[in-house]
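Paired with chain B in one complex and with chain C in the other, chain A is shared by the two complexes that follow.
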Partner chain A sequence: MINATAPLLDVRDLTVTINRDGGLVTALDKVSFFVNPGEVLGIVGESGAGKSITGAAIIDLLVPPLKRTGGTITLAGERLDQLSPKAMRGVRGGRIGFVFQDPMTSLNPVITIGQQLCDTIQTHLKLSGSQTKKRALGWLDRVGLPNPDVQFKRFPHQLSGGMRQRVVIALALCADPVLVIADEPTTALDVSVQAHILELLRDLHRESNVSMMLITHDLGVIAKMADRVAVLYAGRVAEISPVGELFNAPKHPYTRGLIRATPMPSATGEMRLDQIPGAMPGLGAVPPGCAFNPRCFRAEGDCRATIPPLHHEESSAFSCFHPLERVTA
Partner chain B sequence: MSASDFLILNHVSKVYRRNQSLIERLKKSESGGTKAVSDVSLTVRHGETMGLVGESGCGKSTLARLVSGLMAPTSGEISFPPNASGNKPRLQMIFQDPYSSLNGRWTIEDIIAEPIRVHKLRQGRAAIRARVDELLVQVGLSAADAEKYPQEFSGGQRQRICIARALAGEPEFLILDEPTSALDVSVQAQILNLLRDLQKNLHLTSLFITHNLSVVRIMADRIGVMYLGELVEEATSEELFRKPRHPYTRLLIDAAPDMDTSDRSLHPIAGELPNPAFPPAGCRFHTRCPFAQDICRNTVPPQKATEAGGMFRCHFDLDLSNATVFPAVKARTA
Partner chain C sequence: MLNYAASRIVQTVIVLLVISFIAFLLVANIGDPLAALLSADATVNERLELIAKLGLDQPLWTRFLHFIGNMLRGDFGFSYRTQDPVANLIAERLPATVELAFVSLLITIVVGVPAGIYCGVNPNSLFGRFIMLISTAGITLPNFVVGILLIAVFSVQLGLLPSFGRGTVVDLGFWKTGLLTVSGWRAILLPAATLSTFQVAFIIRMLRTQLMEVGQSEHIRFARARGLSEARIWYVYAIKNTLLPVITMLGLQLGNIIAFSVVTENVFAWPGLGSLFLQSIQGADIPVIAIYLIFVGLVFMVINLVVELLYPLIDARVLRRQS
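Our next item is the complex of A and B:
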């Protein structure tokens, strides 16, 4: 049973490796985080940081040569990492919904969107034919597609990008999941459409109180949507903080670097842009010690020798030997 | 036309025609086609960075191709007034995707040396090689990288190579088509800072195209906002963000989420982008505009000049300096 304080999803020491030419390369290195019931956890990082791999590893959708080699994943008390592939199929799309980045390729092009919705609902909820259709039409309406009766019979290519992403969201939510993993849900969309989709996700989240993992590289999206944020760097967790704390008083130097590198107008309307030197190490090229040390202005001897452990404070956690002081201003 | 004008676009339009059937061709019927760029007039001055922003399908990349001469406009004219020496300025382009814009079978030296050889800017192998090394250092790489192949570099480094190749042609005019959209934030900041330094040091005139308003705000002196093939507003960067005159500009500025966690409201623009092949009659933005009235649906708005030297296309003189002036629109998409 879930009690009010236990996390809904608990990921501990999740490790994913790539088998490359016989050698093992670590893609995710002991990633730990949790998602509380009804919470939106943002996962942010640059490409190659392991955000999408984290999402895919939770629902066991890793494509070889990627392989989960360690760690535990617990959803509402049940160990997902020990489930059989068959049982996992019931979880995917059932208790965990997934929104993919690209609405062009995540729908089946030769099946009407109505049929795709009905298939998902029937598989997971075991409803009768007429109930299934009613529910599918209801979802098309809830995600904001005009004239659901007409849209029901249409194929994905007949819809615009924004509309397709709405259908993908309906597919993720139609079987009453307890957790939705949204992997870059608005990256392929224009700014004006992006705001619509974010608003829709937020409304649906409020209505159904489903927990959400929002994976994105866009700090603006994180600032508007997430309750807590996990920052990933080179396959490791750099920092996990409540969203306000993360933006106003980041602990990890990388978090602050990322925030300052994002072009955004300050309160006075002045633009500033601070770059982080260098680039994120590629797979298999992670330096010894803290992965961020070659780019970090606070790096000292211990950073180059030992991997900093995730240090927990009241509401946040970070892996840094020399964290930034929280200025109270 | 003043002496400082570098590039002048005079009522430029570009129509992409669909393939006509034989009968249509014999009848010589005018089958519409998509007007990707429609009646754009624009002047870029010497040493200035002109930014162009808009959503996908607004015609900004088409405009870049027209200016670079890769395509001819259907109507209107694009001219570079001859400079003091009487020559046409040299121009170079930097593309969005650094993965597909470098030839994987060429070494970095071959890639960067090509414009030097084509324009005969240096004579002799040694001189060319010296110039390549100099350019590599200038964009933050090392001379030793000249022997390598593009696939040995990361996205940010590849974009630096693209910049070095563009500079190798010693251009006076640079067209940048979404140069940082394929890059990560921390790398994007490096490339933007590099481009800013180069523009300042080399006195380049450039056309900077992007969909990201924050990026264009950092990079451009003046900004043009495009919507469905039309230039709807043009102003200096400062003026555009302080006091936008076109409702679309205001909505576009508000639509991008900022990093303020205390105000978590989102500001979507009502409706969806209409099909560019069938733009709405009258003002093209009227289907999504919170201020639209009957006149907007019937009459094409005139171009109005602002006292600050800008331009906008709207029937009304609206005060849009604050984000919160909007009448509530039911954001139901059509």
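Our next item is the complex of A and C:
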């Protein structure tokens, strides 16, 4: 890998399979990417592309029958895929924070906000009771909840969706992780609240310089937040590029299709929406060769015969035999 | 919270009044108190006197208010069968049944709750499956069969425990307890175990299902994603989410045993309310049956009230649903 700094998180050939009716179906097929220190890596793709599975696989939190069957995951030089369950618990929440999607279901309904925060802090940091509480209150304040003393004693149902998501973010960050995996952190929220939560995530990222993996299907979120973007399609990496390059000069036909299918005003202010024909293949229905070939206007014989390997260029990588040329619009 | 408590208490009182009215209708319409209380050669005058004394010439509502008033003053009427005050009959039998109910509840909690948690946390373990198999027997076997089996093994074969009665009873003045003597404890074990068989099996299955369901929820997954220990996740974060249905069911079962442990009390010749109820039915002793009905209603309502007042302490969302 041509890279000046050593990546904080290095995922190589991550493979996840699901045992269905006795047969193994591949859900994630040799996914490789890395996250540099202080960087925001966006992971984008349609529903079912394997974005959330990628996030869950990193902290070994896959829901059976999903199972990690191959690949290496390295966090700051340490192989996470070889850790004991006990050591993995220390990583979860301690070194990798995870922001869940739906704040309505991800907080324990019968335990106070304060207790959930204190439990998390005490699991990872050796602090006294009063220091723990002080830290918890500090985090409630940092994520922008008014009157932390009051919120501390409240139950999740007493907070609005946006406030709950702030609590979820505090829970993910309260033990000072080096990496935050945010799995669709704004998808379940009202549009007006989404912007606030994104702003909060960006502020926290700037303050603490924590690295972030931002999983989303929303290219708008990617454009606002990410430094680099990995595009997943049917459990494989289609393309990884710096965000500007991805939007201006996508290499993979799927990436361009995805961008064109997103309502975004172009430079001239007009809205253009193009659909990609067909639908992403489901689990176990991936065609031979490039998974995108049945929907691709550039597909040729080689695309149907062999899976294109991830091809690295200076700052980007893509898996396509017939990448798009840079078009000057 | 105060609103919540007040509304629960008002509901309880209303339901009790309805039960009392039904019980009153029973007394007023079934059986003939005159035939039971007058001698065969009574004169018409004596008869009219008694009618006036009992208020039988009054309209229904007046008589009902009278009935309620008497109850509030502790006058529950007289048994047709023994001519004793109903209050005395019930007071005499109550301690035996209440003690039996609480000991069996204790067994349920001590045995059923840990076993249920074990099965919920390790649903696929060999021991968990074994417990589930045994609990199927606990659910399906009727009480009298369990009782007879226990007697056959522990009384007849092994000769360890008595098969009938309460053992030596200590009179505390207001309460005759069997729980202060060794023979009392020995006597209560078999009937209490019999009564708790079903409850233990039921609570195991309920806790297991509840825990397995909660274990799948997003908030438990999020707790895992934050690295909390499995012990903390199961015994604090998950368990607390399963407590509402568990205490509801334990409360109902307690009421059930106090009110309707007829069969078990019969098998073990336990001198409790169940056998009193049975005798009263056989003798068509309407006043006793009516008061017993009200008493049963009271027991259920009070237990339910206590359980419902506990709800907000476990899950504050209950209060929100109220308002």
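Here is the rule we go by: the second predicted complex is superposed on the first by the 323 of 329 C-alpha atoms of A that agree within 3 Å, B and C clash if a C-alpha of one lies under 4 Å from a C-alpha of the other, contacts with A are read in each partner's own complex, and residues count from 1 in each chain.
By our rule, a residue touches a chain if its C-beta (ideal position, glycine included) is under 8 Å from a C-beta of that chain, and two chains touch if they have at least 3 such contacts.
Bear in mind that the values here come from a model prediction, so they are computed numbers and not experimental data.
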First (chain B), second (chain C), both or neither touched by A:Asp10: neither
Chain B versus chain C as contact partner of A:Ile59, first or second or both or neither: second
Which of chain B and chain C A:Asp227 touches, first, second, both or neither: neither
Which partner, chain B or chain C, touches more chain A residues: B
Touching partner for A:Asp141 - first (chain B), second (chain C), both, neither: neither
Which superposed partner A:His196 touches (first chain B, second chain C, both, neither): first
Chain B versus chain C as contact partner of A:Leu107, first or second or both or neither: second
Which of chain B and chain C A:Asp81 touches, first, second, both or neither: neither
Intersection of chain A interface sets (partners chain B, chain C): none
Chain A to chain B touching residues, read off their complex: 46-47, 144, 146, 160, 162-163, 190-196, 198-199, 202, 217-221, 223-225, 243-244, 247-248, 257-259, 261-265, 269, 271, 273-277, 279-280, 282
Contacting residues of chain B [partner chain A, same complex]: 55-56, 154, 156-157, 184-190, 192-193, 211-215, 217-218, 241-242, 251-252, 255-262, 264-269, 272-273, 331-334
Interface residues, chain A side, partner chain C - complex: 59, 61, 63, 89-94, 97-98, 100, 102, 105-111, 119-120, 123-124, 155, 157-158, 168, 171-172, 175
In the complex, chain C residues that touch chain A: 217-229, 232, 236-237, 240-241, 314-317, 320
